[in-house]
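After this come two complexes, each holding chain A, first together with chain B and then together with chain C.
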Partner chain A sequence: MMFEDRKWLPIILISPVNALLALLIALPSVYIIWLSLNQSTFGSETTFVGLANYAQIFSDPIFWRSTINTFIVVNVVVYTELALALPLALALNTDFVGKGLVFSILIAPYAVTEVSAVVMWRYLFETDIGMFNMLLQSFAGFQLNWVRNPAHGLTLISILSIWIHLPFTLIILYSAISTVPVDMKNAARVEGATEWQVFRTVTMRFIMPAVLVALMFRYIFATRLFAEAWLLTEGGPARLTEVLGIYLYRAAFRYHDFGAAAATGLAMQMLSLLVASFYLYQLYKRMQADG
Partner chain B sequence: MDDRYVILVGRWVVLTLGVFWSAFPIFMVVSSSFKTHLDIFAVPPKFIFQPTFDNYVLLFREWPQFLDGLVNSMIITVGATVLTAITSLLAGYAYSRFHSRLLTLSAFFMILVRMLPPIVVTIPLFPAVNAMGLSDTHAILILLYAAFFVSLATWILKTFIDQIPRELEEAAEVEGSSVWQRLVRVVLPLSVHGMVAACVFVVVFAWNEYVFALIFTSNEAKTAPLILAEISGAIEGVQWGILFAAASVQLLPILAFVLLVQKFIVTGITAGAVKG
Partner chain C sequence: MNARTHKMVGELLTGVMAAALIASTGTIANAEELSIIGHAVHQKVSTGEAGGNFAGEWAEANSAELNWLTFNVQDIHERLYREANLSSTTIDVGFAANRYFNPQFPAMFEPLDDYLARAPIEDFDELPKGMLDALTFDGKLYGIPFRHATAALHINTAILEEQGVPVPQTFEELLDAARKLTFKRDDGTQVHGLLLDFRSPAILTDFARAASNGDFLTPDFQLKANSPAMVKAVETVAELFNEGVLPEAFLNFKTEDVITYMQQGRGAMAISPFGRYRNFNNPEQSQFAGKFEAVAVPKSESLEGFDVAPIRVEFWALVIPKNSDNKEQAWDYIRNAVSPENTIRAAVNGNGPVRPSAYNDQRVKDLVPYAPAEQAALSVARPPMPGFSESARAEDIFIEEVDKLFLGLQTAQEAMDSAQARIEPLLPSN
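What follows is the complex of A and B.
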């Protein structure tokens, strides 16, 4: 009885979580492979077409444009976040009056839905009346014409994305920096290191693993980019600001071409797993070692 | 000039810019929701003005469905949170107290699944959800939102339960209580902080989510962000005030919540990022 208990109990306990994951994420994610080899509308009444869907999307210039746009936006977003979060995290790594309030304000964008974030930044960059566009006009002589100019559209999409997700990167870096032992920094100072040298040789070395983890998570999450871009430009003008998420959404829910959407989806999955593979491999080895 | 002076000034500059960057867009939209349409795009911007509630009155008069959206969002957020909390507590307990090859494998499976992009699963799920009659229901969004956050929540709860001494449970075991009783009477009361840390993320996600709501709801179960996007799409000329009012109503409760539980957010993101 007791033995039976020990054997089956953990499996019973983990089954609700694993059922949710398997039915709603894992199985659909695998089923995509089959769907991508078929032609179907609304994902039903499938006809096997082999690799035709891949031939279709790979010969579609808009697919490649979406891929390049995604690549550019993701890299700009991820590295700009890192460049902004690192000085902020360093600046927060001390006690001062009002620190709690400052920290609260810095993570506030985490609470904002993409829909409202788009409203906020549209307000600031509305053509001819938005405050930031007016400032740009008077100081730089041009406006961010995100409705008509694809490069400007992608710029505003990137700004929005950075704004929403900076709190995540900031929190990871801030936690990592606060665990750097003060003794080690002081020891370096005693030996005559400048603050810059202390940062480079002690702090940076200590937080490097956290920086890499933050980068990986942000790469994976940034590749999912959809709502900000869809709500701001719907991929326009002329589908020139589309990202992979929008390409997939259009294929599936506007053109009802579920085969092409599935092929795009599989490409997105492979991309995410590729980025995560090194981390997953390390984690797997460690879990094996822990038993 | 010595290092300490440079650092002091640098810190002040960096934090001021950071605070401005984070707060200004929120501040502008919330404050402008109390402005008349003439003041909203006034040049130079007005920071001192006579507040008006007209936009809020107009919002609920012209967009009564926004209220339904808020109610739907509330139901779905509570549902997804409760489902995440219960299932993750059970699983977190199992991963903390038992060890086997199968458990290690399934823990790895949980982390792997978290890396998959959510929008992709909508393609095969869409026909299945329609066939099961789950389209445009609260249930489908509750299930989906929970599914995408149970792995993080389980992991956070496991770390918290690891710190509850087994002796407490063993004492209860001697008294002849079942594992379910021990879970409810011993583990649950001691992992309240863990539950909060595990649930904050699904609360924020469910309240704000857009993509799943766009694809799986059409009428009855539409959430507040979706109606907000509709208001935004329908805005003509001078109606920005209504949009700002709607954005503020949707934002302020969740912003208050995030600021209230920010310590747990830091704990959760750190634990989730380090361990998956």
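What follows is the complex of A and C.
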């Protein structure tokens, strides 16, 4: 009997989940792959065009500019978030007066919708009357001219994205740091380790898997960057601040060129997979090393 | 079957019957509901107070419930076209703007000729032929014009008086006044002499039209991007931008920014549709309520054959998705909405009336102060460019090239030569 050797039981038990995953992830993915090989728009028959959509986007200089912009912004955002979240998470793992309030303030941006956040930051950095730009002008002698200067535009997109998403990395690292055994740290101190050595050899060793998970997830989410960039600059001026999310949006919702949009989506997915695979490999190596 | 099982079966049957009842009630409710997708302004002019809620009156008379779905312009068309491509839709009536009309219309929307023959629209012949032609594909009519938005010159009379600048009578005077009206107040507030809604071929073509009746794209798809008239137009706008007459934020302008700038007195004049008159003069939002006037955009001294500039007019039409289950009722709604009487009532609510006779009505004369100026502008206005499948991509290319000009990366001639070369292959004739 099939159930007697219980070999099939685990497969049967997890099959509903696999079916759900197939329905929600695999089927749409297959559809997108198929769509990327077709010319498709409203009011027209879908026609098979082979790799023409890929040829179209890969020969478009704006696609490559968007890819480079995405790469720059994603790296700036992800590593700045990590650089800020790590000391903040360490500080929050100590006891001080008003810790709860500080923690609430730090994670509050995560509760703000992206649209509201962009509107707020847009007016704070308005070139004529923006409060932050006026302060910058007074104290630093320059403004963040994000409407005219593409580098400034990408900078503001990065600042905004970091502000919104910092709590995600912070919470993951805070949780990881709070699980580091105090005994281990004390033992290291008894052995004469400095605080820096304790942090490097004990704390970091324990939290490294969490750091890798946070980096991987933020890379994947950040590659899909859209709302902040679209609502702030719409990719302008001259499409010089365009990121892949905007490139895809234009293809799908402005030009109704669904084949090119699907091809762009798959290119974005490949980019995410490429980055994620590196971090997954690092995680796998650590798990192997830890037995 | 024991008592407990009997009870359970009874409860189950009751539940199924209740669900069936709810489902059938829902179906009945849907049959009475007419879903309309459009912009908030379409709802406002159809249900407003000054001219009356003619849409609501129609719904009451027909025991129907109107379900308005309102979005911004691009999202209206994305949703409308997407719904029209499904096997069925809950959208019964859609508003579509002329620049989104394209040859795919017949695959998505109901041809209206048979409806028109069975239940005619009152004084149908009064509807502008040019608009009806733009809605005709393969000899069949796919939409009924409802609203026009013609560009006007909005003037903050308080700022003009303060600076001693007279109302410009020619296009040259307009440019001169815009420069004189660009100044910084004592409190540091920068006032810009002229505002434009955003960067688009339509808006920059206004400059070519006012100066020399130039065009960007003719109705028969002749691309004139690098014609002397268009090169001069974008060059003029770039000069205004570089001189600070147009704000730096123009590179990122959205319609609401123009409204905010004007309401706060940070803009002295704006070229924007006549309908904005109400926004600029809104006493609850504007610091200069009652101080704004809307006049027809003046033409160049050298332009002959026109009293005012032959500026852009955009228009909206009512369409019925082919897959709607409620087409007869949708047609009845459209007939009612575009009747001569309701065109007048919508105009009183702030709509741009597509029937010229509406401007002769006393209610419009009394309640729409800019009506004579709008009528004059409309008499020579024409759509900035015809709709085609790749119009959005063409617009983006134009904006990209113009932005490079504004950033000083190329000359006006180079920008328009590049736009010409990149847009040409996207046109239907190619």
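The rule we apply is simple: the second predicted complex is superposed on the first by the 244 of 291 C-alpha atoms of A that agree within 3 Å, B and C clash if a C-alpha of one lies under 4 Å from a C-alpha of the other, contacts with A are read in each partner's own complex, and residues count from 1 in each chain.
Note that in this section a contact is a pair of C-beta atoms (placed from the backbone, for glycine too) under 8 Å apart; a residue touches a chain by one contact, two chains touch by 3 or more.
Computed from a predicted model, the values in this text were never measured in an experiment.
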Which superposed partner A:R254 touches (first chain B, second chain C, both, neither): second
Touching partner for A:G236 - first (chain B), second (chain C), both, neither: second
Which of chain B and chain C A:T113 touches, first, second, both or neither: first
Overlapping contact positions on chain A, where the chain C interface meets the chain B interface: 42-44, 126, 129, 253
Residues of chain A that touch chain C when the two form their complex: 41-44, 126-129, 145, 147-148, 233-234, 236-239, 250, 253-256
Contact footprint of chain A on chain C as seen in their complex: 74, 78, 81-82, 84-85, 102, 104-108, 189-190, 247-249, 251-252, 266, 389-390, 392-393, 396, 399-401, 403-404, 406-407, 409
Touching residues (chain side chain A, partner chain B) in the complex: 5-6, 9-11, 13-14, 16-18, 20-21, 23-29, 31-32, 35, 42-44, 84, 87-88, 90-92, 94, 102-121, 123-124, 126, 129, 131, 134, 163, 166-168, 171-172, 174-175, 194-195, 210, 213-214, 217, 220, 223-224, 226-227, 231, 245, 248-249, 252-253, 258, 261-262, 265-266, 268-269, 272-273, 276, 280, 283-284, 287-288, 290-291
Contacting residues of chain B [partner chain A, same complex]: 3, 6-7, 10-11, 14-15, 18-19, 21-23, 25-26, 28-29, 32, 41, 43, 45, 86-88, 90-91, 93-95, 97-100, 102-104, 106-113, 115-128, 130, 143-144, 146-148, 150-151, 154, 179, 204, 207-211, 215, 225-226, 228-229, 232, 240, 243-244, 247, 250-251, 254-255, 257-259, 262, 265-266, 269-270, 273-276
